[in-house]
Amino acid sequence: MKIIIANPNSSTQCTDAIMASAAGSNTAPDTELIALTNPKGTPAIDCTFSDYQSAWSLHRAVLDAVEEHRPDAVVIAGFGNLGVFGLKEALSIPTLGMSETAMAVASTLGHRFTVLTTLLQYVPAMEDLVTLYGMQTKCASVRAIDLCVTDCVGQREQTLDLLEQEAMNILEQDGAEVIILGSGGLSGYSEDLEKRIGMTVLDPVRVTVKFAEMLVEAGISHSKKRKFAAPPQPLDQYMD
Amino acid sequence: MKIIIANPNSSTQCTDAIMASAAGSNTAPDTELIALTNPKGTPAIDCTFSDYQSAWSLHRAVLDAVEEHRPDAVVIAGFGNLGVFGLKEALSIPTLGMSETAMAVASTLGHRFTVLTTLLQYVPAMEDLVTLYGMQTKCASVRAIDLCVTDCVGQREQTLDLLEQEAMNILEQDGAEVIILGSGGLSGYSEDLEKRIGMTVLDPVRVTVKFAEMLVEAGISHSKKRKFAAPPQPLDQYMD
Amino acid sequence: MKIIIANPNSSTQCTDAIMASAAGSNTAPDTELIALTNPKGTPAIDCTFSDYQSAWSLHRAVLDAVEEHRPDAVVIAGFGNLGVFGLKEALSIPTLGMSETAMAVASTLGHRFTVLTTLLQYVPAMEDLVTLYGMQTKCASVRAIDLCVTDCVGQREQTLDLLEQEAMNILEQDGAEVIILGSGGLSGYSEDLEKRIGMTVLDPVRVTVKFAEMLVEAGISHSKKRKFAAPPQPLDQYMD
Amino acid sequence: MKIIIANPNSSTQCTDAIMASAAGSNTAPDTELIALTNPKGTPAIDCTFSDYQSAWSLHRAVLDAVEEHRPDAVVIAGFGNLGVFGLKEALSIPTLGMSETAMAVASTLGHRFTVLTTLLQYVPAMEDLVTLYGMQTKCASVRAIDLCVTDCVGQREQTLDLLEQEAMNILEQDGAEVIILGSGGLSGYSEDLEKRIGMTVLDPVRVTVKFAEMLVEAGISHSKKRKFAAPPQPLDQYMD
Amino acid sequence: MKIIIANPNSSTQCTDAIMASAAGSNTAPDTELIALTNPKGTPAIDCTFSDYQSAWSLHRAVLDAVEEHRPDAVVIAGFGNLGVFGLKEALSIPTLGMSETAMAVASTLGHRFTVLTTLLQYVPAMEDLVTLYGMQTKCASVRAIDLCVTDCVGQREQTLDLLEQEAMNILEQDGAEVIILGSGGLSGYSEDLEKRIGMTVLDPVRVTVKFAEMLVEAGISHSKKRKFAAPPQPLDQYMD
Amino acid sequence: MKIIIANPNSSTQCTDAIMASAAGSNTAPDTELIALTNPKGTPAIDCTFSDYQSAWSLHRAVLDAVEEHRPDAVVIAGFGNLGVFGLKEALSIPTLGMSETAMAVASTLGHRFTVLTTLLQYVPAMEDLVTLYGMQTKCASVRAIDLCVTDCVGQREQTLDLLEQEAMNILEQDGAEVIILGSGGLSGYSEDLEKRIGMTVLDPVRVTVKFAEMLVEAGISHSKKRKFAAPPQPLDQYMD
């Protein structure tokens, strides 16, 4: 089985971090994970403006890679909107955004989950995602440690302390028992955080890669009726 | 990996049908599926009264089997409430009800899903399940073909025709693109129905077994904080 | 008029406390209250696991008592799920759970109510009840004093202080003006608490007994169409 | 016990019909029902404009009657908004609107209820009431037979046929099992309709009178904190 | 263009304050704003009881003024319910309540808005308005500085300090970025508050006057089908 | 005042139709409307895939035009998502999407509105917009005449007949009284449709242009706190 793991931004360093998380997802021996960077994407995606400036070229890069590699599934490894619904229109193999998938899995693991992200100003956009996926009643809150991605990656101890502190607030004030780390910048923190607080913490890359593998093995994909029906025109008419 | 598949009712014929569905779920070669029938359960579970008359002994049978087999996960293969939340309190390995799991997966496959079940009078209880799992905005409707389980099992052509007819209503009137077959009595119909209508149709046994396998491989289980924390007293104090 | 008051657990001490509350409900002189203990129930019901381990035998005990006493109504005097919907299927006389009834009455007494219970870990299950009864917009919060039932019964002054403290939080932080004492262990506290804080405080046993009496006098019972229709099979087929 | 039953409009014929319904509510022998007509109200209340043109004088008439009769409770016997929340501010004895009370009771009698009213153009206002009382998830629909009140009162057979027809739609299309007759003009139809269709049908006058009696006997009234706190100024400053 | 600006209470001082706000709304040179005081209204509207005691005479005063002035639109300049839906039935020109209009505009200006009002006890009624206008998901909270209207008008510095303090809570705790000043008593504070906190602050009088002008220029009014259809009887039959 | 009206697709014919609608919006004499076509956009936007393929270059074209023309407001004249939230981050002048604005205005004009669009397969994406703008309770339905944009533009009589037919369904089955024409392809139909059916019909271009003018005159813009705060990095870092 082949799964494309697409990093929506242009940072190969970020792609490496994503693939490190994916490598820990314990896929089957014959599952090949193909890394894809979006060279025309923005260096980081930290607002809705950059989400849109990156998604269009991400879609084109994914479609090219699908033609080249003939994969069984595609994982969009960014915790945002990123037009994944548009890509599901264009493809009929399982196509998964990691924000939607992590929330679907988390919905079964506790009463409610919390999305814990980096920047405070990005919280409303995350709340919109929760709404878009119909997860309002399963989501207790969206919280942020308000640290930029660079610091999250560089300052491990400080980041872990901030995550732990917010996790306590999540458990005591918001009543959630499951945490989704809602940013690529928080890759690699799930295990340490889980050890510190004893709650279930999801790394969305890992869980989405496994979910994609599961769908392929089970022979399930998104419905091609209505919402994810193929675009009315041939795809290349939308991409000059 | 070992997964217990527990049929909540007392019918071994039903257990066989469940295991046939499970066998089609394409698990890994080293995944062992252990069938469990609930001898003190009711012959069929077709109302809330029988749900409760069966769940208590199901829980005990599962706990005994967990002690005996030391499995990695438990799947409750009945499309109802069945006190799965209570069993999640008692266990820390992944413990999955097939109604909740199928809805979580379906939530990612289309705009909205419909639960299609057998008896019309059971629809409100299914709607309560949708609410309990927080899936109201993802669920377009709960519908029934209003055929009893015996006829569903015995009258294949008639059942398939009724399913197809309701599937058309679901697509055109309710605006759902994904169907969950919400009854053990509808095991074995998903593939034929999918072929007839071109929509994604989920067999909840299959998808739940695969989901359980995924969680085990990914090292994820339900949170033991709050909702699924261990009962305040030792378990045997609740079971004389 | 005869009303069965069924204690879902096996503690006769608890049955006595319930009947003491019921005695204060100021029923008509000719209303006879028949106490029922559930001998096969768990000693206490403090989690979903025990809810299911108790409900099945509760249902059977109630059905036997109905045959023996021919009552006009049945009150399930436990603040939980307890499969009351299943019992409503089995019976056509008014059959009332005290959690649902207290919430329905509270909905008319203020902008929003709060359920105040004993153990913190039981809060999510109470929130599920609120959802199940469709009372989300009327319920401001579910809170707990986090004291076990034994202490609630034994440590009156401490319990009252904790209740008062939470009541202040409820009024100031949650914006609710009505409190439902959501546990049998809090029987007998409503009047003292109401005096201390000046808010309306409901003892669910009292209000449910009166509600049952009202329905009988008004000739009203639950609808036997759809949700509470009789089970498809004769009752004894579900109880060997 | 004394209960004031206030007809919000100026029609004494309507007051008589209300009192006839109330008489059938099987109150205790010592419960005295005091009829009140609102002489400055509109002849009928069939739109929001007339709701407001009637409510102000209704409130004044009720306050005068309370001073004169010293009742134990007040029932506003009109199926509308009628500013009952304002009257609850002004009074501390149980003060009940029949739309809110009937919905609270109906919430316990089935999966969902339907409000069945007279004029089609009044449906949105009824839907607003459902929302105002927080009963959205318990209310399957608001429907109308689209017959004016005069015809409802005068054309019994036609009215009953229309009600039966809509009741079938309610059961089959909307999935509700309980009907609330949402208009004074439909007083006296509940029993015949219930016989024809086998569903629970509530006459809101009857159920509200009994509910008021229950609250008085149980010593319960609406909370005087926040929403129904006394107006900031003495009452007569609001009434010149 | 002529727009009637109706103050629902009887205070001409309040009418002056409203017209001062309206004057700052930068309407077109040929837009004439006609002030209307409700002489039979209560001196202030600070509870639901006074809302109803004022609305009936407000409606009559407005209808008289419409006949006299033949305006193009009517603005009800009180932040409450005030039966505006009833007045929309009676009129076919644009008829706007300032609470509904301000919320509609605010819905486009940020993720969520907060209504900030004067008295704490009036908060639940404001929350009911939010629900009535279908703005629950756009409204983060309703808050109060708990100062009576007289003090708001007289103690400018204290009021501004309290508003600023609550605005900080709104931004940090409730996650709203837009504030609606929900009381006539807070007229004239929007600009100073906006300067202090850097958030968008709406003066509902100003925004509603501009909105009314916009509708007239665009040739748009409320639909006269269903909800705002003319009352079934001629208007004067409702007003003796 | 200068307002940029940006057509998100690359069709100048479509830009002309938008400007024709805008011209009918009766703006002030000194309001200058500046047309902008998105040359790198797709020829039509009829699915989520094309929404994303067009939005990125639309944003860049708008930012360039803002620098060149220094307008007072920007209107995005496409009925979709189009990343308008991202553009609001980038700009501090009023920036309006016509789907969000039309819904906000429609929310005040009736009990509920319906979005009536062209293609059936685009309905789920429109439903997502309704959710994103928090308008679920104000929106009765999203419906489609299932005619492609080309036919809508070319076949006037057929289109008008289909619109009228759906409008009848909307009024009778969905209970909405206001229609929003949810597609650029339906520009120019609002007046004729309104005449035929007597309901309020909104042309989103017209209403949004007027709304933008209103905000500018009133000195109001979206809040720059949180959701629409400027992106964390300088804008050109997101656009190579």
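All chains are identified by letter, namely A, B, C, D, E and F, in their written order; residue positions are counted from 1 within each chain.
Going forward, a residue touches a chain if its C-beta (ideal position, glycine included) is under 8 Å from a C-beta of that chain, and two chains touch if they have at least 3 such contacts.
Computed from a predicted structure; not experimentally measured.
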| item | value |
| --- | --- |
| Shortest contact path, chain B to chain E, counted in steps | 2 |
| Chains contacting each of chain C and chain F, listed by label | A, B, D, E |
| Remotest chain, chain A as reference, centres from CA atoms | D |
| Distance from chain D to chain A - Cα centre to Cα centre, in angstrom | 52 |
| For chain C paired with chain D, centre-to-centre distance based on mean C-alpha positions, whole Å | 27 |
| Euclidean distance of C-alpha centroids - chain B vs chain D, Å | 43 |
| Residues within chain E bordering two or more other chains | 111, 123-124, 128, 131, 137, 175, 226-227 |
| Pairwise chain contacts, counting only pairs that touch as defined | A-B, A-C, A-E, A-F, B-C, B-D, B-F, C-D, C-E, D-E, D-F, E-F |
| Contact footprint of chain A on chain F as seen in their complex | 40, 42-44, 46-53, 55-57, 59, 83, 85-87, 89-90, 119-121, 123-125, 128, 131-132, 148, 226-227, 229, 231-233, 235, 237-240 |
| Residue ranges of chain F in contact with chain E within the complex | 25-28, 96, 100-101, 104-105, 107-111, 133-138, 171, 175, 177-178, 198-200, 202, 206-207, 210-211, 213-214, 217-228 |
| Parts of chain A lying in touch with chain E, wherever the complex brings them together | 123-124, 127-128, 131 |
| Contact footprint of chain F on chain B as seen in their complex | 111-112, 137, 175 |
